[in-house]
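The structure's right below; bear with me while I get my questions together.
Should a chain be cited, it is by its letter among A, B and C, assigned in written order, with residues numbered from 1 in that chain.
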Amino acid sequence: MSIQQSDVEKIAHLARLEVSAEQAQRLTKDLSNILDLVDQLQAAKTDGIAPMAHPMDAEQRLRADTVTETNQRDALQSVAPAVENGLYLVPKVIE
Amino acid sequence: MQWETVIGLEIHVQLATKSKIFSGSSTTFGAEPNTQASAVDLAMPGMLPVANEQAFRYAIMFGLAIDAEINKRSVFERKNYFYPDLPKGYQTTQLAEPIVGAGHVDVQLSDGSSKRIRIHHAHLEEDAGKSLHEDFHGMSGIDLNRAGTPLIEIVTEPDMRNSEEAVACARKLHAIVTSLGICDGEMAQGSMRFDVNVSVRPKGEDKLGTRTETKNLNSFRFMERAIKLEVERQIELIEDGGSVTQETRLYDGDKHFSRAMRSKEEANDYRYFPCPDLLPVVFDDDYIARIKADLPELPDNRQARFIEQYGLSLYDASILSAEANMASFFEAVVKACDDAKLAANWILGELSARLNSEEQSVSASKISAVQLAALIKRIKDNTLSSAGAKKVFEALWNGENNDVDAIIEANGLKQVSDTGALEKLVDEVLAGLPDQIAQYQEADEKKRKKLMGGFMGPLMKASKGQGNPKLFTEILIRKLGE
Amino acid sequence: MHNKTVAELSKGLAQKEFSSEELTSHFLNRIETLDGRYNSFITVCKEQALADARAADKKIQSGTATAWTGIPFAHKDIFCTQGVTTTCGSKMLANFRPPYDATVALKFKEQGAVCLGKTNMDEFAMGSSNESSYFGKVVNPWGDNLVPGGSSGGSASAVAARLTPAATATDTGGSIRQPAALCGITGLKPTYGRVSRLGMIAFASSLDQGGPMARTAEDAAMMLNVMAGFDPKDSTSLDNPVPDYTATLNQDIKGLRIGLPKEFFTSDLDSKMAGAIRAAIAELEKRGAILKEISLPHSALSVPAYYVIAPAECSANLSRFDGVRYGHRCDDPKDLMDLYMRSRSEGFGEEVKRRILIGTYALSAGYYDAYYRKAQQVRRLIKNDFTEAFADVDVIASPTSPSPAFGFGSKGDDPVKMYLEDIFTISTNLAGLPGMSIPAGEIDGLPIGLQLIGNYFDEGRLLNVAHQFQTVTDWHTKAPKGIS
């Protein structure tokens, strides 16, 4: 499968990464090489093989419904780039 | 051309767990911004989710209540998109393997018919935070207290054909989740939010038209109005030679106006995949059977019981049984006054009228079940006439006093039921009305009934409104017949 | 002092041959004087380390010390440490001081161990050469122009240069074992779920696993004793009992069945490497191990499967770095899109961007089945291969990497060449198995690693085999030139 520069631009936008035309060109080459490697997978016979999302076939443990967290706002917001009145600030959100 | 409307609903129900779906943060509504957002909720680097069992128990309860298949294995997936109220940059949700499979609800319509609405599935997911649009120097403020609150998203089949059916379905689901106690049902707080998918097609056509999705409707009235508006908009568009664009719309209930959402303009590619931080959730038959055995009474069962136990009509029973709060209010009144008929009449009459005019639910009633029962008791023991009872109700509602007997006393609303005193009054009044007596005595049975009013008016006036009308009538009939 | 193992230092502290403060100062001095050359540390916690050492000395005096009390060590800068900058090798987190500790960091604190600092790494653990760190490349103590391997290159280089007796590390596709091999030290990637991932900044959640790096198997066992254990806050943590990994080090390996995958020993394998590895395995044979050829038929597909699964997971894991709640935020964003685009583009380096893009592509509409689903199916085939193999053997042996340490920039500008560096290590991550690398020889004066792969939760056996190897060989004692 070959990847076009327009594909790279599209996925870069989806991933919220800014790429210049020049970067997109180089990335198209890189990603094509990687996809050539990945395409070896197509040779594998996988009919009837269940996809494996986790290395262990374990089941989720469930927590009891208790409140264990206390208010840590000050500590957690000490690393925030922009806060005011306890809120994280971002450029205006338009719905 | 004749148009047919096709409606499907997606309903987000906040589950009434104490803690969040993947962290131990509190879910209490209305806390100071970000004081209930832990490192996990904020998606701090290295933080990991652990799923809350109660959220699953609640989802399973819902599934059992709509007669759905419970998937013994369910899987969380990541739905990827960027938004400031979504800290991880993905929402943890279920897609291919949701906890609740296909089910259905039956709804009552105003023409007396009922209709079955199919539920496609219901899945567990986490709620997002909130963007506050008050101006912070041209910026928005993000509060992540709500992020991670457990939700079930209920997805119906497009089985509804008008707004009445859609609202009936929404009300029924509201009744079910509140009866189960898995959601507080407080729509104004966003505990239950409706997305409405609407399309139109020429009557008789099989193919579905292009649909729009109107998001986050948080009252039944807005839902009804938004659907009607959207149907009109789509029909007008098509009839003017245009076509409907598949889009997400926002309805402004106060201005009765809707528009396409700008944040959803971009075609999304959510890149779902199984969340590697969470493992498949597996339940056995026993676990589900135990939940089933402990299921609280459902609206349909309660309705049947109200008819059977209290002798209510189907209509009265359907309204009183639908909502858990209403049903328990009714039963509390009945328990305290021992008169189901009067309790039903007062709740469906005076109380509902008041609640509707103030747009409140019964949980916000200014008159308690105990007070209403006390009022009804005074009607039953003839202390209050119906006019007097309405005055007491008024006084209770306005908070003038919260004791029924004290209100009766203070306002002189006690009926005079002393037969001797009433007979004396009747004699006095009749003495001044010889012509009317003669007229009455010449009249036939049917006419006599009409003429009674001519005596009752002066009698009530003479008793300053306190005479028991029932006793007055008895005495009059006896005396006039002599 | 810096040539002593953790085990020896622990004894020395207990017998009061030296204090933790002396020991800690000694290593801090070495870092100060020597690390300019290796760049193996991003942050050195001098004051805190000395304070912790003094506290440890009090514990030792009062008789409440454990084996780790007062022992200096370092954390890979992927483990969150409360109040101490945790960068993950990225500009994105260059100023990030977590208000919390990773479970692994807490466990070392509970033991009274002394953290010297945070070691350099490939950005977000993505790399096999440590050339992708925002804080500059790490130099292999075996040669100024040589890479230390990656992504735990800082930990490996620091241990090899005797700047720390031991260091924590993480392994997603070989990031503990390959740098251990290239720097001539011992490294262990435990079974997936053995060591808590809480507070360990995620690269690929279903593959990441923390583990020890040290000079000897015995020290690695001592580290794993601290690191391993169930964590209720990590859903993928497994609640299996944790043995004392030092207790079984001296078990006899007579009769041990060692599998040699024929797919790893082909004519493609460098002949010097093949010779060195066979010689190492022969040592184990001398101790009574039995060699068996085995087959892992799908192993050739492990690199392709990995380069779908790991990027897919990382593309989502790294979405949280959006400039809103922590981390790099661009100046004066003009709108929300601008905030995202510039914060992320400025904060992430080239390799991270490449992997996010590959992952985004593999998950996007129309490609999911061909890439992601297919890779997950192949992942199961790879796991099944191992399950079959372990029916016949106890341990699988192979080279850790195709070659010894290579020169900076020598893989050119094709990322795929670098990816193939992990050809022997990646399959164990996909299967979730424990794997280890121990120094096992030299090629042209450079160390090479022998990889030992064990069955699930068989870390004890791996450490036992490694320790037995180290009792009859001295590769693990060899120091790079100039370090004595």
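What we mean here is this: contacts are C-beta pairs under 8 Å (C-beta built on N, C-alpha and C of every residue); 3 or more make two chains touch, one makes a residue touch a chain.
Everything numeric in this text was worked out from a predicted model, so none of it was measured.
Chain A has the Cα centre that lies closest to the mean of all protein Cα atoms in view. For the interfaces A-C and A-B, the C-beta contact count is higher for A-C. Separation between the centroids of chain B and chain C, computed from CA atoms only, is 57 Å. Inter-chain centre distance (chain A to chain C, centres taken as mean C-alpha positions): 23 Å.
With centres taken as mean Cα positions, chain B sits 40 Å from chain A.
Touching of two or more other chains is recorded for residues 14, 16, 53-54, 58, 60-61, 63, 72, 76, 82, 88, 90-94 of chain A.
Shared interface positions of chain C, defined as residues touching 2 or more other chains, are 96, 98-99, 206, 232, 235-236, 315, 319, 322, 324-326, 336, 340, 360, 364. Within chain B, residues 39, 42, 44, 50-51, 82, 84, 142, 269, 271, 276, 278-279 each touch two or more of the remaining chains. Interface residues of chain B, counted against chain A in their complex, comprise 17-19, 23-26, 32-39, 42, 44, 50-56, 75, 82, 84-85, 131-133, 136, 138-144, 250, 261-263, 269, 271, 274, 276, 278-282. Those residues of chain A whose C-beta lies close enough to touch chain B in the complex are 14, 16, 53-54, 58-69, 71-73, 76-77, 82, 84-95.
Of all residues in chain C, only 79-80, 86, 88, 93, 96, 98-100, 102, 197-202, 204-206, 232-236, 312-313, 315-316, 318-320, 322, 324-326, 336, 340, 360, 363-365, 368, 372 touch chain B in the complex they form.
Within the complex formed with chain C, the residues of chain A that make contact are 1, 3, 7-8, 11-12, 14-19, 27, 30-31, 33-44, 46, 49-56, 58, 60-61, 63, 72, 75-76, 78-82, 88, 90-94. On the side of chain B, the complex with chain C involves touching residues 39, 42-51, 78, 80, 82, 84, 87-90, 142, 269, 271-273, 276-279.
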